[in-house]
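Alright, structures below, take your time with them.
Heads up, the next two complexes both have chain A, just with different partners, chain B and then chain C.
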Partner chain A sequence: MSVLTKIRNTMERSSSPDYRSENDGMRSYLKSDFFRSMPFWLPPTLLMGLFVYGGILWNFVLSLTDFSGVVRPEYSVSNFDFEMYFRMLEDPSFWSAARNTIVLLVVFTLVCLVVGLCLAIIVDNLLKGQGVFRTVFLLPFALSFVVTGVFWQWMYNPEMGTINTLFDIVGMGFLGQDWLGDPALRLWSVMFALMWQFGGYAMIIYLASLRTIPQEHYEAAKVDGAGFFKMYWKVIIPQLSSASVSIAVVLMVFSLKAFSWLYVVFGSNPGPAADILGVMMYREAFAANQWAYGAALGTVLFVTTVVILAPYLRYQYKRGEL
Partner chain B sequence: MAQLTFDDVRKTFQEGNNEIVAVDDLNMEVRDGEFLVVVGPSGCGKTTTLRMVAGLETITEGQIELDGRSIRGMSPQDRNIAMVFQSYALYPHMTVFDNMAFGLRESTDLSEDEIDDLVTETSEMLDIKELLNRKPSELSGGQQQRVALGRAIVRDPDAFLMDEPLSNLDAKLRAEMRTELQRLQEEFETTTIYVTHDQTEAMTMGDRIAILDHGELQQIGTPMECYYEPANEFVAGFIGEPSMNFLRGTSDGGVLRMEDFSYELSQSTVESIGSTTEITLGVRPEDVEVVPEATQTNDVAVEVDVVEPFGKENNLYLKPEGSDTDDTIIATVGGRKSVNEGERVGMRLPEEHLYLFDRSDGTAIRHPTVEAEEITPVAE
Partner chain C sequence: MSDQDSEPDLSRRHYITLAGSAGALSVAGCTGNGGSGDDGSSGDDGSSGDDGSGGDDGSGTTTLELQHWWTDGGGAVGMEALQEGFQEKHPDIEINDNPVAGGGGTNLQAVIRNRVLEGNPPSTWQDWPGANLSDYVEAGVLKDIGYIFEGDMEENYRDGPLLSARAGNEDNPYVAVPLNIHRVNNLFWDISSVEEAGVDMGSISDPNEYVEVLAQIDDQIETPALSLSMAAPWTVLQLWSSNLIGLYDAQTYQDFRAGEDITSEVEAALEVTADQFEYVTPDAGSVGSDAARLKLPEGNGVMLMEGDWAAGNLFAADGYEYDEHWQHMPYPGTDGVYNINTDGFPYPQPNPTPDATDKWMQWVGSAEAQRVFCDPKGAIPCRTDVDLSEFSPLMQEQFEDFQSDTGVLTLAHGDGVSPQQGTSLKNAMSRFMDNRNVEATAGALMDAMTL
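The block that comes next holds the complex of A and B.
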């Protein structure tokens, strides 16, 4: 039988009513977009599911045990309890880390937004050199936490650091401080350095957002009798609200991730003045071998991140941008 | 209410090493309570002129005076002038009420109660009272337009500046708003400068029209003056739809020789031409007569190239027989006059309706001699 006859036979058979009804379900399934797009979405979904969400789940399960690195953790339901979470409530270093995390989250984010906004407005009003300033302010954002950590360690050095040296040069040496050593200043010094790194990011997003506001809005406000500050305060800045929300979310997530900066500068124990949950988690798990306790801290951090992100994601979803 | 005077106003922009003249030696006066329409093609400097009055552009040279005091160098917020923008420029995060109240809050010491009363009153007049709590994004184009007008009116400014405010509306709404704007302006008698590129708006709305081209004022006058007595070829071509027909000719004794035909002029016209030889003859489409056959002295045998029916009238594109070029002469005839494309007819250009321009500089040397007709009521 020739190939052509074979094909013809198959076609005839497949067009008979009986044959069709049997195969219709399977066929339409094989032809569906869902099936045909599988090679594209299935591998990443499996990888993400296993290594990200699987990891998170495992971390949570670990936090229910009392694994402390000596014997293997016992994964049996009878052994699971929330002991580690209760331990947290009684641990003063958890409370100082949580307080610092929240201060960092709120103050750093707000200061960054304000600084970014002011920079964006200034750069937007420059007639020349906008590109230069944009690059200068954005550059720190491109550096890794490790680089900026070392960099600020030098800057803040009480004996030979640039900041105290500069104060000495201008005859204001009395302002020099042990920026990172003094517990009262430590967290603020950290926030200042982080602000230096992320202010440019806030600026660039604000600047892009300012560019989308039609020139007529500025002009209409001027003609309506508003001065420079009122024009920005009442007409322009309220239009930047959606940019503010997305910048704030990114900054908050970064502030939860400030671990690497602090680890580079202070090692695993920055002391109660600058300890944050991320560093504490690392310390408990990898330095003190309190694996289950570290995992519980990790879960708290994860929940915090989700609580911050969820309203934003929902807002984006409702606006059809997700 | 106020009077605006432009005194040798000049505006230049620097682009690289080139100086671009946007407005050149502008001298004009906008009378107290007048509705002046500034019209011209894109880039003629009309919007720049308006923005200089608003204080959004600096004045390079000269003075603009508002009621006798110079406003040069004064910031926009000190001028007490309201502007309606082409894009309306409503503040998207504010309600209609706040949009309208913003100017009052910023530029006056009125209490919130007084502001409330003024905004409500103005919104009633503009028929937008029920929209006061809405945001601009929830309004149609026409409603946004009304809010933009309301925002200007509520401030009771010395002058209104309008920058093509109707150009974003559809044709029907535009015609409605045109009438509405005129009604409002007559009610308030506020000095208004209205910028447009649309000659229909200019003709129908303005007390007077100022026509600009390349930054220079070509003519300022009532719509009728600009239509029937244009100062030059540019004004004649710009005002009127369809545009005036222009034919290049040379005056040779009493005869005007055009490319495709000649026209014998009367003694009085020859006198008005004087020694000028290079002439452009102008005739409005509605003045071109279409006759069955070329029988009289100045009649021209033509072929109907294209017919554009508009219902109430037809625009005929006529091509002189034996013409080598694609140039046509537009004639507007009654809508019921049946003319077909390709038909051969006669074209008559009545001398009393002819415009003549000196081709060297475009200035008008002769206007139609037809007198305005008066409508006399029938005696009972």
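The block that comes next holds the complex of A and C.
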């Protein structure tokens, strides 16, 4: 096709109604909220994409190599394989860490929800000193894992720790245990300490939700003859489902991040009784120089987090809150 | 309100969708760049930039960058003395002392690996020589420094530290200069408790007899017989490896290191170790190694199986004197074997200050440097010609043993195992501490040595 023909065709097309309508579309696009708001949302989105999700993707790519931390891996598709993931399946340390991670996730979250709810109901019904108790219960949440790790290490010491000493004082010394040393108790001791730290957080969110429930609901339940427990069980607690979901998600994510607590207390090897995927990932990458294996464990941890968050995000999306 | 009047051409959800698409695009961009940028060797530009600033450029002062984790205790005092001695000999070389504390060296090792990966290592760094350096040797990032060992050093270093200098394998070139040696297979005890229990320490000749003695102490006095930190697996790995040598010999230990199938020997040592667990202090699972060592002067423990760095804690305890309140001997059955844990300095390449690093390595390998460092550190020198007149009697005894003993490289620290092997051994021992499963642990320990 000659150049002249091309120009003639272009001129004909520009005078056609379709072309004018295309131009109008472009103009309205440039005037749209989407285009005009672009300077505000596009840069952070690109930065997030690059530094957060880019890092996650890179971590996955790393897990397909045999990177050991000293020589750069070859990033060619022909060298990629899932060897690290197959190795994981045969590694007893992975299975004990995965089991503990799931137990921690489920039990810690459920216990925190129950404790938080009970505390919230008690504090909500206090006539005096609500502020003081709110602060007392919430304070541990403000402390870092490092502080609470050291704190509980002392508390749990079987010879001079507060817990066993208290048992001795009340004449129940037989209940004293080697809380962190006994493999049968280790994970439960960890969970109890984490519950102590996060129970206050659950309480404060529940308390805020309880305050939004109109007084009429309590009064109506009482008029209908409901007692204290029945009123909460049938009328009030069902209205806290949204808060429960939010708290549960936050607690589950915190449980996956219990690395700092465990690292402070046990170092990089808490033993199969309390090992979790986060600690194992650190150990493999930083102590064993198995960076690709560590990256594979990181990917599994990330997928676990997504699996936990996805139903919540979908729930929020369906409710139009996202 | 105004926001309702404006054209609702895009909902919030559309924004999320579009933002998600943009994010995905940026991720795609990231991976594209990552792929091309990372595989090119030209990416190592950091090294050249740094080389120039502190390097041996022939003009003015050279700055030698040292990284280490000796930031407190005897290690810090020894390091200071080592640097002072170097600067007296080489006033034209400045030292950039750049320590990374914590994690028993893990933090420093993470920093070093990153710097080596970027082609920007320090002049040298503190590390455990031996097989711990095998990854670096395989990657070709450590220099052959045979020229430093020729003559004086090769003549005065014993075989064990020379093997550590070759990253634990005789086929490797010399890549590091070991500075000091700790012995792993030691037994410390509280004299008064042992006498009270009626135990004759000189009569214990192997780990089985040692278990009987632990039982006797447990039976006779209230103080727990064995102080052992079981909060981390490395202390138990030390104990088990000492039991292996004590029950058999140095050759069996070497066979294990070489990956040979010695199932029955490994299982026997595990069974003895499990027997010893019965006599540990009640808080063994909760206390760290420092606290476990201090149980002797506190009167809360009778025996301690530990590396000779533990002597530092005992010497530091007020009113607790060597040979009066506490004593020491090689772990039962291991007399004649020196289980070696060394510290030293590897020589990275490319090196930002090759001439200054050569001088540092020669200094570290000298008798004078090892004298000024090892005394405060509580270790013995790697050289056999060091003047030990100012060292503690304990270290003098250790040094005497070292001259004649068979040296074997430790499994619990780094001289005798690669980082991957070491972590797998500790994983296996960690499981053993929880489940006491001898058969499964023996398999896991031997599998670890084939990695």
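In the analysis below, the second predicted complex is superposed on the first by the 278 of 322 C-alpha atoms of A that agree within 3 Å, B and C clash if a C-alpha of one lies under 4 Å from a C-alpha of the other, contacts with A are read in each partner's own complex, and residues count from 1 in each chain.
The definition used in the following text is that a contact is a pair of C-beta atoms (placed from the backbone, for glycine too) under 8 Å apart; a residue touches a chain by one contact, two chains touch by 3 or more.
Here the structure is a predicted model, which is why all the values come from computation and not from measurement.
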Chain B and chain C placed together on chain A: clash or fit? fit
Item to complete: Have a look at where A:M26 lands relative to chain B and chain C in the superposition and call it first, second, both or neither.
Response: neither
Report task. Determine, under the contact definition given at the top, whether A:G181 touches first (chain B), second (chain C), both, or neither. Result -> second
Next on the checklist: On the A-aligned overlay, A:E284 touches which partner chain: chain B = first, chain C = second, or both, or neither?
Outcome noted: second
Identify the partner contact of A:P214: answer first if only chain B is touched, second if only chain C is, both if each is, neither if none is.
first
Between chain B and chain C, whom does A:V70 touch in the aligned arrangement: first, second, both, or neither? second
Which partner does A:K234 contact after superposing on A: first (chain B), second (chain C), both, neither? first
Quiz item: Who does A:V170 touch here: chain B (first), chain C (second), both, or neither?
Solution: neither
Per residue count on chain A, the busier partner among chain B and chain C is C
The superposition places the nearest Cα atoms of chain B and chain C at a distance, in Å, of 24
Interface with chain A, chain C side, in the complex: residues 6-7, 9-10, 13-16, 18-19, 22-27, 29-31, 34-35, 38-39, 43, 106, 109-110, 113, 116-117, 135-136, 138-139, 141, 230-233, 281-287, 300, 418-420, 422-424, 426-427, 430-431, 433-435, 444
In the complex, chain A touches chain B at residues 214, 216-217, 219-227, 230, 234-235, 238-239, 241
Given the complex, residues on chain A that touch chain C span 32-34, 41-42, 45-50, 53-54, 57-58, 61, 68-72, 74-76, 92-93, 96, 153, 156-159, 178-183, 266-269, 271-273, 283-284, 286-290, 317, 322
Contacts from chain B onto chain A in the complex sit at residues 54-56, 75-77, 79, 81-83, 85-87, 89, 91-94, 102-103, 106-107, 151, 155
